[in-house]
Structure formats: C-alpha cells, structure tokens
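Take a look at the structures listed below.
Okay, so chain A shows up in both of these, paired with chain B first and chain C after.
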Partner chain A sequence: MGWAAIRAYTILVYLFMFLPVVVVVLLSFNQNQFGSFPMTGVSLRWFEALWNNDAVMRAFRTSLVLGLLTALISTTLGVLASLALVRYTMRGKNLITTILIAPILVPEVVLAVALLLFLNWLGIGKSFALLLAGHVIFTLPFVILVVQARLVSIRRDVEEAALSLGASPIQTFFSVTLPLLMPAVAAGALFAFTISFDDITGTLFWKPGGVETVPTQIFSMLRNSISPEINALGTVMIVITVGLPLLGAAIARQISIKRGI
Partner chain B sequence: MSVEAREKRQPWILLSPALVAVTLLLLVPLLFIVVYSFWLRSAVGPDIQGFHPDNWQRALTDPFYRYILLNTLKIAAITTFFCALLGYPAAYFITRSSGNKLILLLLLMLPFWISYIIRTMSWINILGSSGALNTLLISTGVTSSPIQMLYNEATVILGLVHFLLPFMVLNIYVSLDGIDTNLEDAATSLGATRWQAFSQVTLPLSLPGLAAGGLLCFVLGAGTYITPLILGGPRDAMFANLVFEAIITQLNWPMGSALSLLLLLVLGALVAIYNRFLGMSQLTKGLG
Partner chain C sequence: MGAVNLNNIVKRFGTFTAVEKTSMDIPEGSFTTLLGPSGCGKTTTLRMIAGLLDPTEGEIIINGKRVNDVPIHKRNLGLVFQNYALFPHKTVAENVAFGLRYRNVAKSEIARRVKEALELVQLPHLGNRYPKALSGGQQQRIALARAIVIEPDVLLLDEPLSALDANLREDMRVELKNIQARIGVTTVFVTHDQSEALAMSDQIVVMSNGRVEQVGAPQEVYNTPASEFVARFLGASNILDGRCLSRGGEGAVLEVPVFGQITVPSAKAPHLAGEGAAKLVIRAEKLLLRDSPPEGGAFSAPATVETVDYQGQSVRYFVRAGDMQLQAINMIDDRPFPAGAQVHMTLRPQDCAALPG
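What follows is the complex of A and B.
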C-alpha cells in the first residue's frame, strides 16, 4: 500500500471521527423548526430555548457542582497518592498501584452496582452523596495516572536545596513543591472534572429520582425524539469539555513562557 | 521518632486516603455483592438473606442470559476488529508523518474530551429518518421515502467503534512510536520489499500495542449499556443492559448482583489471560 493510500485512508478515518460531531454543531444553529436537514438559516433560537428550559439549567447546575466537588476530592487524594508512589520506594508498590487503578479495571457497570448496593445497605441510598462517592472513585485512577506522569519530570534537588537552606518540610512543601506541582494538579483536576461532567454509565445507577445531570438529561430527552435543543445542548457540552482543557493548556503555556521555562 | 522511621511512614500517610477510598468504595462493595448475589428477592419487604444458589443457577443456565452473553462477546469482538482495521493505518500514518505529528495526535485526543453520549447520539443526525444521509438520498432521488437505517445491531457496532477507536489508535501509536525506523530501513537495504519490511519487522514489534488497544476496546465495548439503548433496537440488548434492567427496572438486586459478577468474571478472565502473556505495563502506557 502506497503512502498516498495510507494518507487518504487516514483522512477518511478522521472524517469518520469528526463528521457526526460537526453535524451536531451545525444543526444546533439550524433555523429549521424540526432541526433537521436541509438547513434553512442560522439562528440561536435553540440556545435560547435551552436557556429558558428549567430542567436543563437545573441539570447544568447539578453537573457543575458535582464535577467541581469530584475534581476537588479526587485531585487531593490522587496528588497525595502520586507523591508517595513517585517519591518513595516501598514494598508492594506494584500491588498498591494495581489497587489504586482498580476502579478502571472493573467494568463501570459492575462498579456502579457494587457501590449502589453497598452504600444503600449502609443507609446511604440514591443521593447526591452516593453520586459524589461514585464519581470520586471512578475518576481517581485517571487523576493518579495523569499526575504521576507529570510528577516524574519534577526534580527533587530543588526541594533538597530548600531543606538544606533551613526551610521546614511544611514550608518547603508550600513554597517549593506545590508551585512546581501546580501543572500536575491542574491537569488532574481538569481530567477529573471532564470525566465527571461526561459520565452517564454510573450516574444512571446512582442518581436519585428527579435529579438529572447534563448527560442523563440528554438521555431522557432522547427518549422522546431528537430535538434541535439536544444538538444545542451537545454543542454547549463540547465547548465546555473541549474548550476548557484547551484554555487550560493555553494558560499553562503562557505561565511557563513568562517564567522562562 | 527517628528520622528514618518518619521517612518510612510518610508514604503511607500520603497513600492512606486514596487506599481507604478504593477499599471502602470498590473492594468492600465488590465483596458485598458477592454475598448479596446469594440472597433472594422477596415480593414484599426486604431481600431474604442467607445462602441461596438460585440466582447463580439461573444466571448460568438460563438460555436467554447465555444468548445475550454470547451476543455481547460477539459484538465486542466485531467492534474490536473494526477498531483495529481503521486504527492501525491511521496510527501508522501519524507515527511516520513528518512535522505535523503533534496536531494529528491532538486531533485524535479530541474525541476523548467530547462527551460519550453526544458522540453516540450524533449518529441519529446522520442515519435517522430525517438525518443527513436520508435527506441526501431523497433529494438525489435514490429513494422516495426515508430508509430505516438506525436501531439495529450494525448501528450499535458503529456507535461502539466510533466511541472506542481513539483508544485503539493511541495504543498502537505508543507502540509504533517506540520502534526505531532504522530497523525498517535496514530490512529494505538487505533486500526486503517495503511490504516485507513492514510485515516482518514493524508489524510484529507493534503487536503489544495492538493487543493493549484490542483489550481496552473489547472490555469497554462488552461493558456498555448506553450505546444499545440509544442506537439499538429492542432486540439488541447487551449483557450490561440485563444488569441495568435487573437493578433499576425490576429492583431485583440479588439477581443484578449475580449478573454483574458474571460479567466481571468473564471480562476479568480475559484481562487475566492478557496479563499472563503481556503484562499490564503496556496498558497503563496507553492511558498515561
């Protein structure tokens, strides 16, 4: 197979990946009343409809709060664990790593069932707390993998220099280690937020009746029929989950340029 | 406390919150549903505790469950095959292209950030009765009324391939990128054709990546219930749909426990076989 053929094939693969998503974005600006082809003009009416849709706005707030809390807890746990795994040698490190990434080795449905049944037995039924616990445990391995990869590149001698110059371990952590860690912390938090914001597999098991996140809201709207509002909601979600990391990366670049790294 | 002892305790202090979380929210719950799967659902009041093998007996012998399990494995296998077919040349192109490698890779990572449910439902816009394809067919006069293309096994596989392809490409890419291109050049300079050099040098060396991508696609594909709900018809249920039905719709939690453990055992066996031959390191490489 010639190089040109491989190139053409790859372009087709990329089209396959992106065309459906492009169609979602296009249709969300469609003026046509049924939100289908052919497009009759450009309009923001479906975004306006979203803004005025109470159920959607509620779902947005739920997803946002859930995502932020998940990111906060998951990143805290993940960064601490990653520090231990990267900085120290200990017995059974491989076993510990396997245990920590176990939540993504188990199919999410199984994790969802196990957590629901166990916490329910402890008296925590379907609730926001259950939802949060589920999202934290599901995002934790991703945070650990991402943060660990970043941590490896941070050199230890800077901290040792601070310590040898008389800083206490706590001082060293807050004024040397943490600033160096920030990119890793930000990457982990962003990852946790996005995964939580997107999750539906576990969320459908854990969410209490009447509470919807954005994905479950889309899911229940799909049951009726595909309305242009769903495409608009999809576009908003794409902007949030794709735009946010890109923005984060851009800001991180700016900071590192300023610091001259 | 001596400095040495403190140094020894520090990592465990750092690790304990995460370890406690995984233990309480995953490991203990998994053990709990093992116990729960031997309970019985009662029509009135709480589930009956005790040791009753009934759920397991049904899960293992009911022909309907067996049919769905085999069908799920079949769908996952076909999905994995198509992911490899589409993913390998694309990964190869990215590795060997000059210059814009980073952009190509970034583009490929983009779907990871686009919501799974959006990507799944986007196919309704393409294949639905008023979707892009039908509109095109009607306007060009190929057909006068919309063709029913959605809600069958093929669209479930299509949705899964679309969802899982980036995992495949990324794993193959990681593997291909680690291969010294001089090896292929050496083979051709020793008289091999370009195809021979690829099939006898590069391809075998990239098999670990292909296997890791394949395992991820298979396990993630076989564990999904959302794609069949959105893109499948009423007859296209997968095994995870049975779990969802039992737990959420029928509220038969003991049966749901047995079914989800069965799914875990089947997929876990696959992961164990993979781990036995290839080890887990390749997998985490692709994820990191």
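What follows is the complex of A and C.
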C-alpha cells in the first residue's frame, strides 16, 4: 500500500511538471487558430509564421549571439580562474572562490538591480555590453564549478611529464591539460549558453531599449494574446535548451568510450 | 649523457627543511639510487634535479653546467613517475612521440625512433592502443620508452616500481636495469625499497631526515654501514652497545654484552677513531644458530629460541641471551629449531662491523 501510494504520488508530480511542456509541444503542431484540444490536424504553419515574424527572428538572433558570446567569455574566464584556484596557492584563495561562486547564491533580482545601480552610479548606461557582462557574471560560477571539479582529477604529474619532455608551460596547457579538461569545458560552455539563452529576470533589467531576447519577446507577446506562435517558439526553445546538452553529452560519451577513459 | 653534481643543496618549505646542505656526485652513466624512508628528502632532491622544485640554496650542475635557472622543459631529462603519468588522451605511439615533437625531429625519424623505443621495452605491437587499455606493467614500460626516446642527459625515476604488484616488480627491476645498462644513460632512481636499491644500483645514497647518511656501492653500504640508521634501514641487524678498548693495526677490539671481547678488522670499522663508546653491528644472517658450541669457538654464546618465523628456505629466529633479544636469519635444509630450544649463536668477527657509539 505504502509503496503504491508513493509511486502514484511520484507519477502525479512528474505529470504536473511535464504535462504543460508536452501540451505546448503538441499544440505547436496544431492546425487550429485556437490553441485547445482536440487538435484539428497536424501542421507546421505556426513554425512558418514564426519564421516570417521579424520581431521574433530578431530576438532569436540576439539571443543566439548573446548566448554564444556569454559561453565564450564565461568559459575562457572560468578555465583561467579554475587553473589559478586549483594549480596555484595564493593569499585569499577561499575568499576569491566565494566571490566567484556568489552569483549563484544571491537571488537573481538582487544581482540584476545591484549591477544596474552600480553602473548607473558609474554613469554607464544600458547597453548590449552591459547585458553581456551580466550574463557572464551570472554564468561564470557554473563554469568554474564544473571545470574545477574536473581539473582536480587531472593529475599534476601528467603535466610534469609533458614539461620534462620539452613542452613549455603554454604548450603543456594546450597539448595536455586542455584536451583532458575538454569534457568540462564543453559542459561549462553548454551550461553558460543555455542559462543565458533561458534567462529572463536579469535580461529584463539589463537590456537596452528596443533589444529583445527570445524570453523577453515571448513575455511581451503574452501580454497581448496567447498566440499559437508562442507554442511553436516554446518548442524551439525546448529543442535548443534540452537537445543541445543531451547531444553534447552523447558526443562526449562516444569519445571517452573510444579512448577507454 | 651527463654527470650530476649537487653542491650544498638546501630546500626549505616555510620553516620546514626538507633537504639540508646536501652534496652528491652522480657519475656519468651510473645507476645511482636515492634510498630512504618516506620524508627523508629523496623525492625532493629528485624534483630539484628535474627542475620541478627550486633549491633554496646551493647549485645543481648537470654536464658541468649550472642549471638552477634552466626551466624543466629545457633540461633534457627523462622523468618516470610512480603512477606512470601517461597522457590518457593520446595513443601509446603518440605518448612516446610527444617529446620528439618539441625537438625538431623529422616525421619519418619520429616514427622510426618510436618504433625502436617500443621494441626496447618489448611492446612493439601496442602503438595504437590507449593507455587505459594496458596493464600497470605495460604502462610503466611505455612511460620508460617515452622518457628514453628523447635521449635524455639524465633519466630520473621516481619510485617507478612501487605501483606494480610484487612478482611484476621483480621482473621489471631486472628489465629496467638491463635497459639502463644497454643505453648507458645516467640514472637517478628514488626508492624506499632496500632490495630494489641493492639489486639495481651502482651507487646508493642513503638519506634520512634531509641528510645523506652514506654513499657507496651496494655491498659497501650493506656490509659496512656508516651509521646506526644505515645498519637498521638496510637488512635486519643486531646492534650491541659496547666499548672500544683499543684500535690497532689488526683491528678494533670491542667489549660487548653477550659475546665479550671481539676484534673487528680495520676495514669493517672505518669510522671508529679510537677508544670509547662503540656499537657492534651483526647482520641477522651472519648470526648462525647451532645445537652445539663450535670447536675452539671463541665467538659463541648460548641462547634460547623464543620465536620461530619459518619462511621455506630460511628461518627467522628471535633468540634471548641474558636480557638481550637478538635476531638470526639462517638458511636451513631440514627442520628449524623449535621455540624453547637451547642453542649456540656463533659468528665470525670479519662479518661484524663497528660504529662509533
């Protein structure tokens, strides 16, 4: 009795969480103007409408550029910070670690307002660069946590072996450390990209006037009406933010199976 | 190929001194072992020769040139680690070729030398595998091939056999020594295992607490220990506290418990200056147990067997003579003495060594 109840409860929780997502995906293929069941037929017309909607496509491009730049900068900084924190001893190491990880612990709204007020105080207005900086600050802890965990498991003597064989410290980093770190670097970059692509709270505060990302675009479209186009957009978002990491993980697994790592 | 000289090397970590004013000469082409318990400074010394640590004071000289300021990747050294440290993302052949890529060696030449190196370590067919697919012994051979393919001036081995299991360790020990002898590279080997040190070395440097206790050939270090530490660390020894009565041409006359007066030949008492406190070192395998006293036996003393540790071809006895417990390791071809047996311990003076007290 007890286990059956727990099982049923678990299933209900999962249904509650995922049913809306399933509904959005199903309705995005609905032919009917009004997003409701039963579906009247399967069609791609809402995806087509999306494709022809300039505002949405612009937001999509903005999100893509923003996400890619965030991933690039966050990953580079995260790898460098992790190297410093794991491979070197320095004063105030714990404090630096805490500060770098802090953006995860601080509520996003607080972080968003704080950065905005700080830049106002400096006399710097809202811009795409500010939006990017915000996303980098917000995604950096995820990259550092993932990369640090991997770096700790890379034995120092492998790097020492490379040095002894004549590779300079920089050559050693690119020929030994970075390749071994790659799964974490890729995971960190994917994290940074999907978090940036998804983010709405910080983005609403930081984005300059006239610039929309996909989430803020959806938000503003919802204010007018619930168009089936939003369902299609939601489906695209799900494919990108869920499908991309899954694909990355699958590729990483294939590589490690081949090498027997 | 090159000789290594350390001149008054000191290494401090904060207030802790890992290596204290150490000098040593490692002759060109020799197999020199740094031997000592963990924490004695042997690995620290090796890492300073490698350039992975900077000495706090003193000079490191390789091939007659001071290398203190030469970074590790420009020292042309082969380094082999306890845990192999192969590059897991590269194949065996890529691992071995790694050092050659930074040495302006032509592609065809790289392939030839990698093949040669893999043949030298008797694993010519594993080039395309990844390290994880190899056994520990195979990985260590690849690590050795990777270190010697660059024709290093000095080969540095940091406990390379410790991670292998016992049988394999003894095979690898012989093979490692053979390979070293064939290519003739100056080799510095770090270990805490006395049997590895005795079996492989041309020269052993015994270290303790950051200091060199003794330098010498294996037989020298084993038979004529320069200090009580060396006597206790290498093999099993009985050390009797006594006095030196006189030091003359034919040897040193020592008065010790159990055996009374014994004359140790001069060659076995090089560090004993004259009269005063002295110690007599008796190797456990030189103390023979018999059931009757030897004829005319000056150096014989009665004892009672307390513990019998039977090991097949040999037996380790703990015997009691008066208030002293002594250790004897004897070869046997019959039955060992049982515990409680009354026996006679005999020894030859030339098998003992004398130390200052």
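The working rule: the second predicted complex is superposed on the first by the 252 of 261 C-alpha atoms of A that agree within 3 Å, B and C clash if a C-alpha of one lies under 4 Å from a C-alpha of the other, contacts with A are read in each partner's own complex, and residues count from 1 in each chain.
We take it that contacts are C-beta pairs under 8 Å (C-beta built on N, C-alpha and C of every residue); 3 or more make two chains touch, one makes a residue touch a chain.
No experiment lies behind these values; they were computed from the predicted model shown.
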| item | value |
| --- | --- |
| Fit-or-clash call for chain B and chain C when the two complexes are aligned on chain A | fit |
| Touching partner for A:P107 - first (chain B), second (chain C), both, neither | first |
| First (chain B), second (chain C), both or neither touched by A:L44 | neither |
| Chain B versus chain C as contact partner of A:I144, first or second or both or neither | first |
| Vertex chain A; arms to chain B and chain C (CA centroids, nearest 10 degrees) | 100 |
| Touched partner set for A:L83, first chain B, second chain C, both or neither | first |
| Partner chain(s) touched by A:L180 [first = chain B, second = chain C, both, neither] | second |
| Partner chain in contact with A:I251 - chain B first, chain C second, else both or neither | neither |
| Partner chain in contact with A:A162 - chain B first, chain C second, else both or neither | second |
| Chain B versus chain C as contact partner of A:A129, first or second or both or neither | neither |
| Which of chain B and chain C A:L19 touches, first, second, both or neither | first |
| If touched residues of chain A are counted for chain B and for chain C, the larger one | B |
| Minimal inter-chain CA distance - chain C and chain B, angstrom | 6 |
| Interface residues of chain A shared between complexes with chain B and chain C | none |
| Complex contact set, residues of chain A against chain B | 1, 6-7, 9-10, 13-14, 16-21, 23-24, 27, 34, 36-38, 76-78, 80-81, 83-85, 87-88, 90, 96, 98-111, 113-119, 121, 133-134, 136-137, 140, 142, 144-146, 148-149, 194, 197-198, 200-201, 204-205, 215, 218-219, 222, 226, 230-231, 234, 237-238, 241-242, 245 |
| Residues on chain B engaged by chain A in the complex (per definition of touch) | 10-12, 14-15, 17-19, 21-23, 25-30, 32-33, 36, 86-87, 89-90, 92-94, 107-108, 110-111, 113-119, 121-126, 128, 130-132, 135, 139, 162, 165-166, 195, 219, 222-226, 229-230, 240, 243-244, 247-248, 253, 256-257, 260-261, 263-264, 267, 271, 280, 284, 287-288 |
| Residues of chain A touching chain C in the complex | 155, 157-158, 160-169, 171-172, 175-176, 179-180, 259-261 |
| Residues of chain C touching chain A in the complex | 50, 52, 71-79, 81, 83, 85-89, 98-99, 102-103, 130, 132-133, 143, 146-147, 150, 156 |
